[in-house]
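Shared chain: subunit A. Partners: subunit B in the first complex, subunit C in the second.
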Partner chain A sequence: MNNFTVLAKKEFVQMVREFKVIWLPLVFIFLGLTQPVVSYYLPSILKALGGGQGITIDPSMAAQKGGEVLASTLGSQFDQLGVMIIIVSMMGVVQSDKANGMLAFILTRPVTVGSYISGKVISNYLFVACSVVLGYLVSYLYVILLFTRVDFVDLLVALLFYLMWILFIVSFTTMISTIFNSQGIIALISIVFLLGCRIVVGLSPVLDNVNPASMSKHAMEVLILGTVNTDVIWSVISTIVLSALTILVTNIWISKKKFNNE
Partner chain B sequence: MKLEIKNVTKKFKEKTAVNNFSMELQSGECVGLIGPNGAGKSTLIKVIADIIDPSMGEVLLGGKKISKMKREIGYLPQYPNFFQWMTAKETLTFMGQLSGIKKEELTRSIPEIMSKVGLSGEENSKVRTFSGGMKQRLGIAQALLHKPSLIVMDEPVSALDPIGRREVLNIIEEIKKETTILLSTHILSDAEEICERFVIIKNGEKIEDTTMTELLNRNSENKINVDLTVKNQEWIEIVKSLNFVKGVEVIGNKLKIEVENIELNKNLLLASALEHNVDLVRFEIDNDTLEEIFLKLVVEK
Partner chain C sequence: MQLHYGWDEFKNVDFMSFLPIILPVIAIGFILVLIALIDLYRHRKTRKNILLWTLIIIFVNTLGPILYFVIGRKDSDRI
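== the complex of A and B ==
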């Protein structure tokens, strides 16, 4: 067994021991089912609460397509509360190792910084991705139950696009967690930056091409329109490059031993 | 393997923690790094364990850079922390695997090392439930597990109660036979007990590198303390007239007698005292204790 597998395995065991393996998927399942259920029952809810006087419910409003609902699961649930929860669940990923001295301790062993970081990023990414996939599938099930069917290929393509955005979220949070020492600051910076990225999507096509958050927009477009925008290639490239860059910064930061400047 | 520390300097912003420190450690030696708090001991230990890079200078083990020789180093931090959610056995397996030990070998060597440090029966307890002494012992176990040729310990006993201290000292005494040990401490009696050689560090600089006996000999001044019950003026005069006595200092019932050669003259002096029926209470070579020497070195220099 090489060091990467040892470290990745340790991450997974830790997730199980700290019950992260239960609560994070549950959160995403909950987020996933919220959108279709609320969309479906919104007219009835409005009707019941609105008292029925002077309010006209447009019947076409309820007739949303399945793809649209699934897209808004990504856009309004996962991209807001979902991103914040991913960040909060990951803010201590390197920071806690720094704080209790385990990072320095691990590195006194013949362990390369690369295998330490890849163990962290890959295990956490796989886990977060699985949680997202689970929530997405639950959302999909409710969508086909309550709305129309979604094309299976579109479903997969959109998911793939979305998971690239998740990759950036994970690697970015890992970098911030390596650089800063306070969990609050880490959460604040990550949330402000990543939600900021998501908000500016759509403002300028040029910016979109270098914004990893536009992967989320592309995923939504696939679900709504059923077609892939050719600009996606730029977003894919920039997402990969930027994720690699954050991992590189993390690597340099740890290699230079900046983490224990007391 | 030989450890060479060459002109190591470590600066933190304005503060110089270690200043141009050089030292060599032969294979099999046990060296105590002594100094007051804030002398730079921990910083130096961290440089040797390759946790922080020196601003200048280098550390070589067996002629190679320390960062390439991590397999040969066992490191015990001042406050070993570990992952709270792991059991003792998992901790050792984890650290062992990171050092490149095969799983089959670990299943054999872990129970062995656990009994060596006195933790048998605690294999499946969580580290969270461990006392300070148990954590320290687990720390020693992980430092020994991969059979390193150099063990570096940062204040291994300073944070322990007398019982834990005794246990850990016994373990170190045991492992001393097999490996080279470098340990830091500010408690002299601990160092005195386990190490032959001392390096005294102050303000980041090496001020002394010596052995215990040398240190004690160098600081003795060929004086003998004699306590008597009743002042015996006659004998004092006789002592003064002895040809090897260079001077006598009388303070109440206490005599401080300076002689030419302590080894040769001490028994002659005692014989003279017995011969004249002097009522002796105490007869000793005037030695500074290690603590006095340490204080002298650290405070005065």
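== the complex of A and C ==
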């Protein structure tokens, strides 16, 4: 048993104790369910509530393809509420350790900062990724049930692209959680920055190449069009580089802080 | 546009057509509320603002239980 597995195990114990292991997957399943069900019933909801006179619902508009619905699950549920929930659930990841002195205690042991951070990031990432995959699969089942089939290869490729974006979310939140001390500020900065990233996607092609959030756009494109844009390679590279950079900043910050204290 | 529905009109609604599809959505929301309430009840001695949290969990749809798990539980740890 090396340090990394011990620390990762500690993270999982913490998650079980906070009930995170139950509610985060449930929330993502809920988000995944909502989009197909709402888009399936949208015509009847409009008919019942929209003020009946003179409104006709174009039947061709209602016939959405399965891939489009699945893409809008990613784009309008996971990318808004889902990202906020990931950030809120992860804002204390290093901050709570700092607040109750656990970080200083762990670093007095023969544990490198690197294995501490990688234990944190990887265990949290695996868990968040499992929740997202679960919600995505439930959404997929509902799309098959209510709409048309989605190609399974497209599904997997889109999922992989989306998980890259999740990786950046997790590492960025860890970095902010290391730098700042108040949970409110951590949540505010992460939410504003990451949702800002998501909003500016598609404004300019140059910006998209260095924007990790464009992975989400590529995932949606794969689901809707069934083809992979060749620009995706730049986004993959920039997402990996930026995630590595945030982890590096976290590493440097913790090591420096330790020197300042002692 | 019809805004007011009477009780007898419930018979006209075909519940079985959409119940199997809607039911999982309701069930998951219900499980979240239930877990949050059970946790709140078990720690009712150490929590603050129990009445407020109960109202938030029950009435704020899906976000209420999440807020409780993230914020409501953390406060008690500091005591």
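Note that in this section the second predicted complex is superposed on the first by the 256 of 262 C-alpha atoms of A that agree within 3 Å, B and C clash if a C-alpha of one lies under 4 Å from a C-alpha of the other, contacts with A are read in each partner's own complex, and residues count from 1 in each chain.
In the analysis below, a residue touches a chain if its C-beta (ideal position, glycine included) is under 8 Å from a C-beta of that chain, and two chains touch if they have at least 3 such contacts.
As the structure is a prediction and not an experimental result, all values here were calculated from the model.
Look at A:Ile85: by the touch rule set out above, it reaches subunit C but stays clear of subunit B. With both structures placed on the common chain, the touch criterion links A:Tyr136 to neither subunit B nor subunit C.
Touch criterion met: A:Leu146 reaches subunit C, while subunit B stays clear of it. By the touch criterion stated above, A:Lys257 is placed in contact with subunit B alone, subunit C being left untouched. Judged by the touch definition given at the top, the superposed model places A:Phe30 against subunit C, while subunit B stays out of reach. Residue contacts after overlaying the shared chain place A:Glu18 against subunit B and subunit C alike.
Subunit A residues in contact with subunit B (one complex) as well as with subunit C (other complex) are 18. Looking at the complex, you find that subunit A touches subunit C at residues 18-20, 22-23, 26-27, 29-30, 33-34, 37, 40-41, 50-53, 85, 88-89, 92, 96, 142, 145-146, 183. Subunit C meets subunit A in the complex at residues 1-2, 18, 21-22, 24-25, 28-29, 31-32, 35, 39, 62, 65-66, 69-70, 73-74.
On the subunit A side of its complex with subunit B, the touching residues are 1, 3, 6-7, 10, 13-14, 17-18, 100-102, 104-111, 256-257, 260-262. Residue ranges on subunit B touching subunit A, taken from their complex, read 12, 46, 49-53, 70-71, 73, 75, 77, 79-83, 85, 90, 94-95, 97-100, 103.
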